[in-house]
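Next come two complexes, and both contain chain A; in the first it sits with chain B, in the second with chain C.
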Partner chain A sequence: MKKQSWYMLLLLVVLSVFLVACNSSDEGTDSNEGTEDTDTTTDEGSEGTTDEGATGGVLVYGRGGDTVALDPAIVTDGESFRVTENVYDTLLTFGEQDTTVQPSLAKEWTVSEDGLTYTFMLEEGVTFHDGTTFNADAVVQNFERWAAGSAEQFYYYNSMFMSEGESVIASVEAQDDTTVVFTLTRPQAPFLKNIAMSPFAIASPAAFDQLEDNPVGTGPFKFVEWKRNDSITLEKNTAFWKDGLPKLDRVIFRAIPDNSARLNALTTGEIDIADGINPSDATSIQSNSELQLIERPSMNIGYLGLTNNRAPFDDVKVRQAVNHAIDKQTIIDAFFQGYAEPAVNPMPSTISGYNEEITGYEYDPEKAKALLAEAGYNGEEFELWAMPVPRPYMPDGQKVAEAIQKNLEDVGMKAKIVTYEWATYLEKAKNGEADAFLLGWTGDNGDADNFLYTLLDKDNIGSNNYAYYSSDEAHTLLVQAQSEVDEDKRNELYKQAQVIIHEDAPWVPLAHSTPLIAAKSTVQDYLPHPTGSEALTNVSVK
Partner chain B sequence: MVQVTTEPVMEKEVGPWKEGWRRFRKNKIALVGAAIVAFVVFLALFGPFIAPQGVNEQDLTKRLLPPSGEHWLGTDDFGRDIFSRIILGARISIAVGFFSVIISIVVGTFLGVVAGYYGGWLDTIISRIFDILLAFPSILLAIAIVSILGPSLQNALIAIAIINIPNFGRLVRSKVLSIKQEEYIMAAKAIGMKNNRILWRHILPNSMTPVIVQGTLAIATAIIEAAALGFLGLGAQIPTPEWGKMLADARIYLLNAPWTIVFPGLAIMITVLGFNLMGDGLRDALDPKMKN
Partner chain C sequence: MLQYIGKRLLHLIPVLLGMTFIVFMIIRLIPGDPAQVILGQQATAEAIAALNEKLGLNEPWYIQYFNYLGGLLTLDLGESLRTGVEISKEVWPYLAATMELGLFAMFLAVLIGMNAGIISAWFQNSFFDYAAMIIALIGVSMPIFWLGLMEQWIFSIELGWLPTSGREDVRDPVSPITHLYLIDTLLNGRFDQFITVVKHLILPGFALATIPMAIIARMTRSSMLEVMRSDYIRTARAKGQKMSIVIYKHALKNALIPVLTIIGLQTGMLLGGAILTETIFSWPGIGRYIYEAIGFRDYPVIQSGILIVAFMFIMINLLVDIVYTLVDKRIKYD
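Let's look at the complex of A and B:
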């Protein structure tokens, strides 16, 4: 048994050697190469396909979680869309790094004067991966499939095109083989943006009943195999309708849940791109000449939801007090390493309709205490929920929660940090079981409706309105804005809604973060999209 | 500790405990272990008076500072003094180690004595329960128990206590079985002494030596198990400065701020080393087979 003790001593020695080694390597890396790679240039011309011949290659994309299902119409999670974007195409798509509407399967479109009829002219000569032809009829069948399903089945279709039980899309008809006409029951301002969203990808009607695990689309890559909780393999679609694309021969999406393990896999060369980089690792990636740090353009909000129908947050003064109590800037400096902007409103300032006149609740513990005293808050303990997994809008929920807990303690509020497994967390929060909870949202289409209505309208209590915020005033404005086609009037409505939301303080808007991605320096033309997922059509590996 | 007077008295008036202490004293390595244990226990008792800072004095402008004159072991990602947190964490580790083992010893010894002395169907049932508990890898069983009870320090303590019960139970049972055959027990029975008295006054004290050795070593294991549960988020909850939890929280800073992870790790290691060395020394000192 003595032997055991000696082994322990030996371990001690090994550990201390390791410690010393770490210190010296830290000092040695001061060079600042690789930073030029972080310039996320919106280079429209990068579509040029002629310069390199047969680059090809295999790209392994490391990400935090596995796909839920490969049918984009039935899922809501970013990790599913990340794959489906490569297998399917949508009628319209977004700009490479923005949310402007661009042609895709529909090469042109016209809108009637009254905003009720949309006519799409489709690309010709496009085939699905199973060899069937893509045509107007296929589009109609896809929309009919979604319209026939329930809200649980096709969440996004129902959230975008159904309102108060009434369908926005009256009919979808094939005028001829390459022309589709959509007729709406009422004008919908973000209609084109909605159509461009990843869930509304056109699948082969012949494959409708097997899309979940055997997707068939028209996209740049064909599905090969899916090893659950491990990897999804795609191969080049040689018959892709855009000539000379895609550049890669094979794409493999690997799920590596732990952020540090994923970065390790990148440095050891197991993977080529690692999503979800801890901000604290940014500098070491920048100083490594074999890696590049890529910033995803920010279009998200990380927030602290205060469940509006639960004590003590059923009192608006308490909610305002919490807003005053939290030191956002310091939290951002510490746990986002500055890769974030403090949030004021429930949506990022790049989205049109953002109200810049609102200045936000400044950090003021004294004011918070005064408000709490006014509200008669008696110091009762409440639960502060922290998400268990890193999210693009918040790299480390646990740490942020711990800092917030301390901020609140300073003004006399006692919070107990609680966490659950991710799916349970969302489910329970959706049921309104949390007192205060951290959560966030990455925009789907860059429209104000997708933030304000989706997250804070009383219609969405029980789905994305986790805070159970219910304001009739805001509801009226938000619903009015949905069918307002005049851009200026519409923005004005959103600005008014933000004033009301600001006063009611259903959340503490925390940060608009810039998600970080690391890639090998040999990866070229990878342009991450603000919506959180993108097709890898133009990407190549040197 | 336990005073034993019923053992047949030797000529030189040297009891087995005194004899053991003499042998223990001669063992330098065991003394080092005992010193480490004494030091950690001292920290556990007087930590709040020694630690320069409190448990949760966050200062986000001073995060991840390397060791310096002001912060001897550096600061963690909330700008808290790691030195202070390690000192204050000693109390948690020692408490979990000590109390969980006490619970295991009390329950295990009781079951072991009953099983060993009475035998029969009681013995069969108790022994099979021990077998079932021992069939699971101990940490898995602990995780399962904590998942049922809910993650907290107290529940981690209970889980660790439960998984260690069979170790003590079996130890005591086998000891009781052999003592039962001793002549002085026969004698006690012959003069008509009641079962209860024989059990608790004669058999129990005489079977305590291996329990004490095993107990010291079990504290070491319990501390590691508590740290493992803490690391997995199933033990102490933030902001408690539990060492395993500190390790887990610091692991993303392994490369850029190694002091945040190395020092809590060393604290666990040194403490466990101390208990192991002391336990080994006790074993050598108290084991009658080791006598010249």
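Let's look at the complex of A and C:
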């Protein structure tokens, strides 16, 4: 008897839970409407007193992964910068949708003739979220903190401002409360661009030891809460130093790992913006009147690396033949749905120093066959590595690899497609174990150095020069360009380097893709930045 | 009984020890350098070497292993290589999320699966029996990622009844106390949020429940069929007892033992984290925590995460063994 009553009790509990759940599905929407109502009333209230856009509502930003840490100085991943851009400010910043240098916490700056002294005049009356004052001392303390740390702790500081164990920055001094003077040990052409990068955000010195999970900056939004692997909530900084901004009351970043599930969440309105849209979903988004498709300006390169010290790609003629054999336009139409431009050089044309005169290897299988014959290629099979994960510069590595395989087969080259789990893939490719491999790169600061030197200089073999391309000629030019302060002369050096790289053909540059984002049609003034992270200061939700 | 539990707990030690060793070795056999993954594609060789040194990854494997074991003895689960946070500090919210979802799914699976099995057995070879068992067969073989996306499409997008993903309405977040949101919302006195949390549980709960539900239904049916053929049931029926009493009082009790075993094993598996369900429904649970750690070669998280899951698996099965004695008084552990 006892057992039976237990069972009945259980059934009763279940039934009541279900009934409650069913009942409240109406109640639930009611209460939702209730909160929306209060939102709109505050909307109206504030609209009555101030200009439009003073209250912009709540925005939920859906993305593929969670943040690693909230201290931009110690991280390297885009999903961390995406949040920290909204909490902190940098001394300088980039243009809304380009990488021109613009004032931020530093309202003006001067550079000495020799390019060794930079003087920054700071904004006045700026306070950190913890109430402490932002001033020249705070800037000095931030740079001192990074300089005192080790290479693995402050990765970007060391890669941008250290070279061969020597610091580019000799000293950072506060001349007075609002003036900071940087003295360099040698001229660094992209110095201002580097200073504008997300990792060099100014944090409150009083909060240095807790930035990782409780960031304190001067930015448009204040940190509220982080539920790991789930959501990060920021709220409006009412004391923000730019008047009337930000427009949004709250921003919530939500991690939704599956691309289709993220789009589903956008369709139901659980999120307002969905990052990382598959190009194949673009048409269905455009045909939905409640959604808008937003293109992130392209600053990337997807390429097929040909490991230069492995047969058959140790022969420049074979590498050129592969360049002629691959039909880039067809690949772009099929797998990027047209949201990409065929690549000619190893960097996109928007970056200054791009060589327009190079026309690229045209698609010509006959020429490829002739070059292969000249090289004496014996038809031996090689491995073609396909990326296992989608990346903005390569939405579907597997399919692109299959298309390339077919192109190569047409000219008599036998490629076997292999793939590895992502971390393994990178590790093995870096060790030079791949014959030919798909990979790509998204620029950090819009500087030619960040593409050409980083990806193809012989100094970077064993790190980002996965193709093991080694050219002394190119090296001389690229190193010279690093400290050339004259913009025109510097661009000329990069143009020459691109000619050499083009001749040597270490890669097949495939495409500069346009990463796609979808948003509710109610989202206004969202301008995605080519670097992949942007402050949502001007965004509002109607 | 206590002696038995004590003995079982002692058995835990060699099992867990062996497991730490196997996991430790396997994850070090996969190629891929954690320092490289942490620092990203951008990293230089020097930075990687320096980070390896700092993380102690340049030590021989046996030193690393004994360091790890030494930590475990003092209940130190290690530190995540990627986030630098102590695992013992950050693991609970993930575990709580998985427990909430897993127990909810198991609740559905037991409730629906057992009843379907009982009814199928009772009306053997009826239409209901065939239908239920065909559905169960489909349930066992249904890929979860497909089922999950279908659920989202039907119940969220087309019908608009339920949210597609997550644990809560992020616009009106739950303030965590225990990190079990069903409890937290009630502790906070927010009944509206409790409903929202239940709604968020339904789709992933059903997706996760399908397979155990189907297995439990089939197991209950066959176990019940066997018991129903026994003499004492015939006697009970001959006495003219009510059907419900025959089934629930006499038959179920004896049919329950194999079903309980299955329930225990399945619960253990669900609590091990359902990576696919957690990914599709963006559920911040322990399965995704460990899975993502594999991608990042976050060795301590993988090791300690699997250790925790294994520990729970063993504990649940111990619990099931104890429940046996409650269900069937003839079972005694001495």
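Before moving on, here are some points about what is shown:
The definition used in the following text is that the second predicted complex is superposed on the first by the 471 of 542 C-alpha atoms of A that agree within 3 Å, B and C clash if a C-alpha of one lies under 4 Å from a C-alpha of the other, contacts with A are read in each partner's own complex, and residues count from 1 in each chain.
The definition used in the following text is that contacts are C-beta pairs under 8 Å (C-beta built on N, C-alpha and C of every residue); 3 or more make two chains touch, one makes a residue touch a chain.
If you're wondering where the values come from, they're calculated on a predicted model, not measured in any experiment.
In the superposition on chain A, A:Val316 makes contact with neither chain B nor chain C.
Legend: residue contacts after superposition of the two complexes on their common chain; A:Ala255 is shown touching chain C, with no touch to chain B.
Contacts of A:Lys428 after superposition on the shared chain: chain C is touched, whereas chain B is not. In the superposed pair of complexes, A:Glu270 makes contact with chain C only, with no contact to chain B. When the two structures are aligned on the shared chain, A:Lys406 is found in touch with chain B, with no touch to chain C.
Of the two partner chains placed by superposition, only chain C is touched by A:Asn464; chain B is not.
With both complexes superposed, C is the one of chain B and chain C in contact with more chain A residues.
When the two structures are aligned on the shared chain, A:Ile331 is found in touch with chain B, with no touch to chain C. Across the superposed pair, chain B and chain C both touch chain A at residues 1, 4, 260. Across the interface of their complex, chain A is touched by residues 30-33, 35-48, 50-51, 54, 82-85, 90, 93-94, 107, 111, 145, 148-149, 152-153, 156-157, 160-161, 163-167, 169-173, 176, 192, 195-196, 198-199, 202, 245, 248-249, 252-253, 279-282, 284, 288-289, 292, 295-297 of chain C. Per the touch definition, chain B reaches chain A in the complex via residues 29, 56, 58, 60-61, 63, 77-78, 233, 237-239, 249, 251-256, 258-259, 262, 265-266, 269-270, 272-273, 276-277, 280, 283. Those residues of chain A lying in contact with chain B across their complex are 1-2, 4-5, 8-9, 11-12, 15, 18-19, 22-23, 26, 259-260, 278, 280-281, 283-284, 327, 330-331, 333-335, 396, 398-399, 402-403, 405-406, 409, 417, 419. Residue ranges of chain A in contact with chain C, taken from their complex: 1, 3-4, 7, 10, 14, 17, 20-21, 24-25, 27-28, 31-32, 35, 58, 60, 65, 68-69, 76-77, 150-152, 155-156, 158-159, 212-213, 225, 227-231, 233, 250, 252, 254-258, 260-261, 264-265, 267-268, 270, 420-424, 426-428, 430, 441, 444, 454, 460, 462-464.
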